[in-house]
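Next come two complexes, and both contain subunit A; in the first it sits with subunit B, in the second with subunit C.
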Partner chain A sequence: MSHSHKLVIKRSSMSRPPPPPPTTNKDQQHQNPSLQEINIKLIQSGEKERLKELLRERLLECGWIDEMKALCRAFTRKKGRNNVTVDDLVHVISPKGRASVPNSVKAELLQRIRAFLASTAD
Partner chain B sequence: MSGPNEDNNTQLSSHIFGDLLDSIIVDVASECHRIAKLGLDRNLEEEEEEMRLSAQARARVADPSNSSETNTKYVVDIFGQTHPSVATEIFECMNCGRSIAAGRFAPHLEKCMGKGRKARLKVTRSSTAAQNRYSRGSPVSTYSPYSNSTSTNRLSNGTPSVAGEEYSNGTYEEPWNKT
Partner chain C sequence: MSSKINGHVSPQPCPHLLVFRSRNGPKPFRALQDCIRVKPPGGRAAIRREPTEVPRCGTCEESSRSRLYACVACAAVFCHAPLLHSHASDHSLSIPGHEIAVDVDRAELFCCACGDQVYDRDFDAAVVLAQTVNATATTSTSGSTAMQCSVAGSQPENLRKRRRVDYRPWEPDSGEHISRGNQSIPLLDAANASLVSSTQQPWGLRGLNNLGNTCFMNSILQALLHTPPLRNYFLGDRHNRYYCQQKNGAINGTKNSRLCLACDMDALFSAVFSGDRTPYSPAKFLYSWWQHAANLASYEQQDAHEFFISMLEGIHEKVEKDKRKSQSPGSGDCCIAHRVFSGILRSDVMCMVCGFTSTTYDPCVDISLDLEPNQGGSGKSSSAKSLNSFNVEADCMRPNQNCGISTLKGCLERFTRAEKLGSDQKLFCQKCQVRQESLKQMSIRKLPLVSCFHVKRFEHSSIRKMSRKVDRYLQFPFSLDMAPYLSSSILRSRFGNRIFPFDGDEQDASNDLSTEFELFAVVTHSGRLDAGHYVTYLRLSNQWYKCEDAWITQVNESIVRAAQGYMMFYVQKVLYYKESENQGTS
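And now, the complex of A and B:
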């Protein structure tokens, strides 16, 4: 009924380290801060979304996405439909996926990204 | 741009590309997970089987060793039927009344009606220039080997000269018209 007005020292909150910057990418804590700025510019200008859609379209055209889906299906068949997690599938696809992007696709995206960086350089 | 700046840019670009790729990988994984959990991939297995079969069929068609064995004349269509390369149904030519195979009908008509025109033209234009011109290469018919000097002789007796048997090997035989 009555709130205690005693001063309560929450030691835990004092000793907690400052929260990390609001990104999901762990690397960004070790990278130069300009990556964060670039990222913000990418997102705010809408370029990140456009780049992602372009990449997705190219990967679709060359059959990369179909290959990845086939890998997922094969894994799901082995492991059983109800035992599969998204994390599982990410780990199944990631190594093969990153290695099998066609060079032309990668080059095209890198070129666009570099162009964006150049356009935002001060 | 100075050197180190460019390297930095390259590294940044690669990193950003990696980000994008990871993001797409997660999307694909998430979608596959959803399909698996909802059991929507029941139909996909059948589609996969069909795709494999069609790829096999395509490979068989594209295979050069195949077409040399199975004579091009006997290509099998999707119903398993074979068709001879020259259509064999017989029709009656409305111009000359002859029985002609369907596959030979068009060239027959060219000569049948073309020669008829030639005969008509020969009567109206009796100049040798016209004769020579049509005897060398008829503008009507594309088969110029057939128009040689002997054909004009045959035309002169008024009978319509019609194509003989094997036009494809270049000979011009007329088993019917014995001059």
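And now, the complex of A and C:
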């Protein structure tokens, strides 16, 4: 497909492999996978998407989403609809949002991630 | 360019978006559309160069950041966390013309210079298209046709612009002067001025005698007598029974007055609001209704909900047809019953194989809701249930949310949830030309003036030839916002923050009305299926009254909250009058 379009595909930024995590010995590298490696595994297997859907559902059920919406609305009302950006809203609700995720939700997701890693351990 | 779509203002493009558009032709996001990935069919849209791509920031290599943006100009991906570091902003600052990016996980356009979301109609339409049609659709022409059929296709034929009329205070004309003199009773005069004092019961509270297992009828009648738009219609003499009988008696030429449930309702309103507090026997009404619903004519206990539906149908049938007006119930122009209770439901059925969605609109006078099959909130998996069972109080966000109790809102959420139809309920897909497994989602296209919710407490199984009653308690709010269950909200949650091409730019008058409702009547059922009793609670002047056949008593609102709701009646908040407490001299 040829487009007379200026979209230039920069493959280099897409497929460069991650730099190896800094380790001192081989055992450490094997036993404690880095956050990057875990993340890649989760994404490639599709588990991350499933976890995200689960998280969305749990946060909806416990009212977290409604509470964040209310915070956004209050902030927007105060600042005026035309003076608010997405970045502003993210900045405003992130601290409260992170702090108010119920422990049960965190525990459930953590359990799922651990189970996943255990099941896919080499 | 800030036209109103479905009541929402289309956002103005930022200067960077304008510049970008001017430099990149009429469809600047066309190439990006090929990178829209949706999985599974109908799920969320993401932007990926290849389906298996793992997006990573070009500067810091991080793939675990929560916001990753792909520059639309050069396709480079960067992270964006304005407080820590935003490599996306760095990129946009370093190369002019590279300010517009797209969120790779949400498929939403973003201006890195403004730090805000921007919108492009064509791009958003393409995302919606991708989410409704299989990602493997080859040509854009076939795709856009399917789009038109599925999303913008079936317009409800009965939504018209409502004419606005200037307000003029009412004055009776000569004919009305005469009829007022003949058949009206003064509601208040000097002698009865004390009736208006706050210690007296409000107008229109009158017990109804039980004529033999007729509490099913009495309970519904009490609710209807205090349905604000219905009450106003009849008390405002909009259906004069004398005039109606006279006119139709002359046509029929029979001695017996022609059957008209609206006339009987008019008589009932007159009797109940006359000021006479002695219990009234609605015998004429019962007799008329028997003639209408012959199959239910007996002294056996009937289902109140069935009576409600049959009554509305009766009013619709017997009211004189005005040829000029639309006869379809959805518009509410046909009769007062539909004008008050009729809303429009939207049903989206999506084929799970190809993603093709067909949309239908149906009028409805109420919404029947299922109670949850098993105890507990909406915990689907067993692991969720066990986690909910300990330390529930500390973890629930809302102080009054008990994860174990069924609520009306929970029922409505389930009603509007996308539901996978079983393999035994395959529906015909127009695209596949064969029956396929489908995903169905209901939503409310148009809200009625009065929303009636019917809780399905009676389960009749024709297979096992038995019926049973579900006694489980259902919590219902006194104020209810229906916004989350509207089609616009449901679709918004399906597709994310988009400009919507659906429904065109139609200005539906109902969009101007608020979505907030107030509870004014609750019909409750107690007892067993075969030996039960209906009681109605009415909310007048913010006081609750229990109407049990001939007996009316004032009760505390806690009694109402604890009652077993069978039918709940909510009226649009703007139509609900909260009278002031002190009216007379006090």
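Brief remarks follow.
Methods note: the second predicted complex is superposed on the first by the 89 of 122 C-alpha atoms of A that agree within 3 Å, B and C clash if a C-alpha of one lies under 4 Å from a C-alpha of the other, contacts with A are read in each partner's own complex, and residues count from 1 in each chain.
The working rule: contacts are C-beta pairs under 8 Å (C-beta built on N, C-alpha and C of every residue); 3 or more make two chains touch, one makes a residue touch a chain.
All values reported here derive from a predicted model rather than from experimental measurement.
In the superposed model, A:L35 lies in contact with both subunit B and subunit C. Of the two partner chains placed around the shared chain by superposition, subunit B and subunit C are both touched by A:V86.
In the superposition on chain A, contact is made by A:I113 with subunit B only, not with subunit C. When the two structures are aligned on the shared chain, A:P102 is found in touch with subunit C, with no touch to subunit B.
Of the two partner chains placed around the shared chain by superposition, subunit B is the only one that A:C72 touches, whereas subunit C remains out of contact. Once chain A of one complex is fitted onto chain A of the other, the partner contacts of A:C62 are limited to subunit C, with no touch recorded for subunit B.
In the superposition on chain A, the residues of subunit A touched by subunit B in one structure and by subunit C in the other are 35, 39, 85-86, 90. The touching residues of subunit A, when paired with subunit C in their complex, are 1, 3, 5-10, 13-14, 16, 18-19, 35-36, 39-40, 43-44, 49, 58, 61-64, 66-67, 85-88, 90-91, 100, 102-105, 107-108, 111. By the touch rule above, subunit C contacts subunit A in their complex via residues 24-25, 30-32, 34, 39, 49, 52-56, 58, 61-64, 67, 72-77, 82-83, 110, 114-117, 377-378, 383-384, 387-388, 391, 394-398, 401. Of all residues in subunit B, those touching subunit A in their complex are 9-10, 12-33, 36-37, 39, 41, 44, 48. Considering their complex, residues 25, 27, 31, 34-35, 38-39, 42, 48, 51-52, 55-56, 59, 65, 68-70, 72-73, 76, 81-82, 84-86, 89-90, 92-94, 97-98, 101, 106, 109-110, 113-114, 117-118 of subunit A touch subunit B.
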